[in-house]
Amino acid sequence: MHLFWIDFGTGLATAAVVALAATGLTLQFGITNYINFAYGDFMGLGALLTFALNNQAFHLNFWIAAPIAAILVGVFAVIANQLLLAPFARRFSNPALTMIVTFGLSLFMANVATVIWTGNTLFFRMPISVDKKVGPFLWSPDVMIVMGFAVLVMVMIHLLLKTTRLGKMMRALSDNTSLALTSGIDVRQITNVTWFMSGLLAGLGGIALAVEEANLTVTSAESYLFVIFAAVILGGIGSVYGAMLGALAIGLLTETAPLYINAGYKLDVGFFIVIVLLLFRPQGLVPRLGRS
Amino acid sequence: MSAFFLFFMTMVFYVIVFWIASLGLDLVWSRTGIPLFAYYLYVAVGAYLTGLFSLPHVPLQNGVGNLFGFNLPGLLALPLAAVVTGLFAMFVGAVFMRRLRTDYLAVVMVAVALVIWDFSQNDITLVSGNTGLTNIPLPLAGVLHININQWTYLYTGVAFVWALALWWIMKTVSNSPTGRVFRAIRDDSVVAATIGKNVYRYQILSMGIGGFYAAIAGGFLAQLATSWNPSSWAPFEVFNVFTMVIVGGVGSNLGMLVGAALLQVLFIQGPTYVASNYLHSPTFETLAAAAIGVLMWLSLWFRPQGAVPERLKSTAWYLGREPALQETINPDLTVEERA
Amino acid sequence: MTTQPTTPILSTRELRKSFLGVTAVNGATFDVPRNLITALIGPNGAGKTTVVSLISGQIKADSGQVTIDGADVSGWPAHRISQQGLMRTFQLSRELGGMTVLENLMVSARRQTGENLVNVFLRPGAVKKEEAALAARALEILNRYGLYHLRDSRAQALSGGQKKLLEISRAVIADPKILLLDEPMAGVNPALIEKIGEYIIDLRDGGMSILMIEHNLGIVEKICDNVVVLAEGRTLATGKMSELRENEDVVRAYLGEVINADNGR
C-alpha cells in the first residue's frame, strides 16, 4: 500500500470536513462584509454539544446527538448575530470593528467552553471504528459515513440554492444586498435563515472533524479556522461551489503535505494559501460568473 | 517583603508594559486606521530578539540552541531588539500594504502571525522550537548583586522610565504635523492622497513605530520571565491589546494607561492571583478571560470613545504659544454664514 | 525647458478606461487653458467624474496621457500628481470627519517641515512656528469662506453645504495651479450656489486655473469661460457656451435634453 494514497484518502476525509464548514462560512460571507473569527468556535460548539448529549446528559446515541447539536449551533448562530454581531455591524461602518467584536466572541466562547468542558481531550461514546482498506485508501467506517454525509449535504445545498424559492432569495441577498432590500425580499428572515444554515454547517463540520480525528478538545476546531478560510478564499469569497472545490483542494493539500514537509506545518499550507491568494488573486481561483 | 507586595509590583510591571503595547497599537490602528491584527507578532519578535541579543550563542544540540546570540547587556539588547522589530514591521507592512484592501489585510495579518507562530514551534534551529529561549539574563541583577524580588522592584522602575519616555514620544508624534497626516489617512486615505500625502509611506512609518513599541513591551515580558517560547504568547492575544485601546479611549495616550490598568488588574493579573492563592482553581481565571470579550462589547457599545476620549486640538491649542498671531485674525471679518 | 504661458495648464490626450469590459472613458482629449474657468459637461454616464479621477490619479488610466503645466504625469500616483500642483474636490464631499475643520485645512498645506519625524524631534522650534503661521493662514481662509465659526468642530458634524465649502477651502490652502471641482454646487441651496460661484470667480481672478464638472448650464454660462463637452467617454466639442449652443452634435447629444429638463424645473 502506497503511503501517498493513504494520505490522499485522509485528504478526502479532511476535504469533507472542510467542505461542510467552508460552505457555511461562505454563505455567511455572502451577506456580511466582515469576517467572523468566531466561526472556528461555532464548529467546536457543535462537537462539544454532541459530546454533552452523547456522554453527559441524556446519553443519546452519537448519530442522534450529532444532528441535534448541529441544529443547536444553528440557533446559537442566529442569536449571536441578532444580539451581537448585527447591531455592531449596523452601527459601525468600519468592518475591522465588527471583526474585533467577533474576535471577542471567539475568546468568550473558547473560555466559557474551557470552564464547562475543561482543557482535556474528550471522546465520543461510540464503538471504536477500525480503519479498513478501501481500494488504495485506509478509512474507518465512521469516516466513510462522514464523507458520504458531506456529499449528501453538498447536493442538498445545491438543490436548495438552485431549485427552491428560499435558495433564490438567499442568492439574491448574497449577490446584492441593496438590490434585494428594494425587491420585496424579507431580508431579516433570509438573513436569519442564512445564519442558521451557517451555524448548522459549522456544527456539522466541527462534529465531522472530531469524528475524523477520533477525539476533540475545546480548541481543536479553532486551529482549523484558517484552513476553512483558505478553502473559502480559494473558491472566491461568497461562492458556494467555489468553497466546495476549495475544500477539496485544501483537504488534499494539507494531508499530503506531510509527505514532503514537516508535519507540524500541515495547517500552514492553508494559512500560506490565504496569504498568497489575498495578495495576488483576492477574487479566488474560480471566477464568479454573472457578477460584475 | 510580603508575597502580596511582590505580586503587586509584578502587576504594576504588567500594567506599564501593556501601556507601552497599547500605545503602539493605538498609533497604528486608531490613529492611522490600519487593522493590524498581527500586532502581537511584533511583541513576540521583540521578546525573542531581546533574548537572542542578550544571550550567548548556543550551538544546536539535542534540539536546543539558538542560531545566534550577541551576549549584550540587557539594557542595550532591549532597544536594539525594538529597532530591528520596527524594521521588520516596516518590511511586513511594505509587502502587504502595497496591494491589499484593509479588510483582507486584517485576515492576512492574522494568517502571517499564525504561520510565524507555527514556525516558532516547529523550527528548532533558530530559537529551539517549543523549548524556546531560557535563562534570559536579568539586566543589572549581576552588577548590583540583588535577588530576583529586588530586581523585580528595580526593573518595574526601569520600565516606568521607559514608558514615560515612550509616552512623551507618542505625544510629540501625535501632536505633530506627521500625526495629523496619520489621522487624515485614518479618516479617508483617498483624501490623504489627494492632498499630496504619500499614504503608503506614512502607513509603513506608522507600522514601524508600532512594531518598535510592541517589541519594547515584548522585551520586557521576556526579561521578567527570563524565558520566551511559543506558549508565552499566541497571535490571538492581540485581542486583549485591542480591548485595552477601546476601553481606554482610541487616540488617547493617557487612555491607554487606563485601559492597560483596567484589564491587567481586574481581568488578567488580579484574577490569576486570586485564583491561585485563594480559590486554588483556574476556573475563575478562565471566566475573567471570557469576560474580557464582554467588556469589549459593552465598552464599544455604550462608550465607543473610551474612558479617556481623544482630545481634539483647538484653534487656541495651535495658536496658544503665539498670541501675536491671534490678533492677525480679525473677528470682525467673520461672516456667520449658515450654509 | 521653459513653459510658454500660453500652453494649457492641463491637457489630456486619448484617455481610456474600462471597468470589467464596460468602457467608461474612450479617448477623452482636451486642454484646460490657464487662468480660466473651464466647465466639463456631458449627459449622465458620459464619464466626467471618471475623467477627473483619471487626471488626479485616483484611478489608473488604461492608456492615454495627462500633462500638468508641461509635465507628463501619466501613470503617476495620486499624491505625486497632487504635489505637482493639482487639487480636486469630490462630488459627494469627503471630509476628514474625525478632525476639526481647522485641521482639515492645515493637513492639506504643502511642504510642512513637521511632516518629517526627524524635524519634529530635532527642529521643534521651527515646526512650532510654522504650525502657528499655518493655523493663522487656515483661519484666514476659513474666514473668507464663512467657516470661521466652525473652526473647532469635527468636520463630520458639518452640513452638506458647509462640507462643500470645506472641500474648496481645503484645496485652496494648498495653492494649486489647477483646481478640479466635481459638481461643487450639487445639492446646496440657491443662495450658497451664488456664493460658491463668486468664490470660484475670485479664485480665477487670483490666478488659479479651474476645471469644474457642472450640470446646471445656467451656472456654466454665467461663470465658465470655456466648456468641454463629454459624451460616451469622448470629447465631443470644446468652446464657449454660446458657440456650443449652435453645434448640432452637442445639442443632439446633450443640450436639448438638459435644456428641456431645466425648463421643466
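Per-chain numbering from 1; labels A, B and C assigned in written order.
Just so it is clear, a residue touches a chain if its C-beta (ideal position, glycine included) is under 8 Å from a C-beta of that chain, and two chains touch if they have at least 3 such contacts.
Not measured: the values here are computed from a predicted model.
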item	value
Most heavily contacting chain pair (counted by C-beta pairs in contact)	B-C
Geometric centre: closest chain by C-alpha means	B
Centroid-based (C-alpha) most distant chain relative to subunit A	C
Distance from the mean Cα position of subunit C to that of subunit B, given in whole angstrom	41
Interchain centroid distance [CA atoms averaged], subunit A/subunit B, Å	33
Distance from subunit C to subunit A - Cα centre to Cα centre, in angstrom	49
Residues of subunit A defined as touching subunit B within the complex	33-35, 37, 84, 87-88, 91-92, 95-97, 99-101, 103-108, 110-112, 114-115, 226, 229, 262, 264-265, 267-268, 271-272, 274-275, 278-280, 282
Sites on subunit B touched by subunit C in the complex	172-173, 176-178, 180-181, 183-184, 186-188, 190-199, 205, 312-315, 318-319, 321-322, 325, 328-329, 331, 333-337, 339
Complex interface listing, subunit B residues touching subunit A	29, 35, 37, 96, 99-104, 106-108, 110-112, 114-115, 118-119, 121-122, 236, 239, 242-243, 246, 283, 286-287, 289-290, 292-294, 296-297, 300-301, 304
Residues of subunit C defined as touching subunit B within the complex	56-58, 77-79, 82-83, 87-88, 90, 94-100, 102-103, 106-108, 110, 112-117, 120-121, 124, 127-129, 131-133, 135-136, 139-140, 143, 146-149, 151-152, 154, 159, 161-162, 164-165, 170, 174, 188, 192, 195
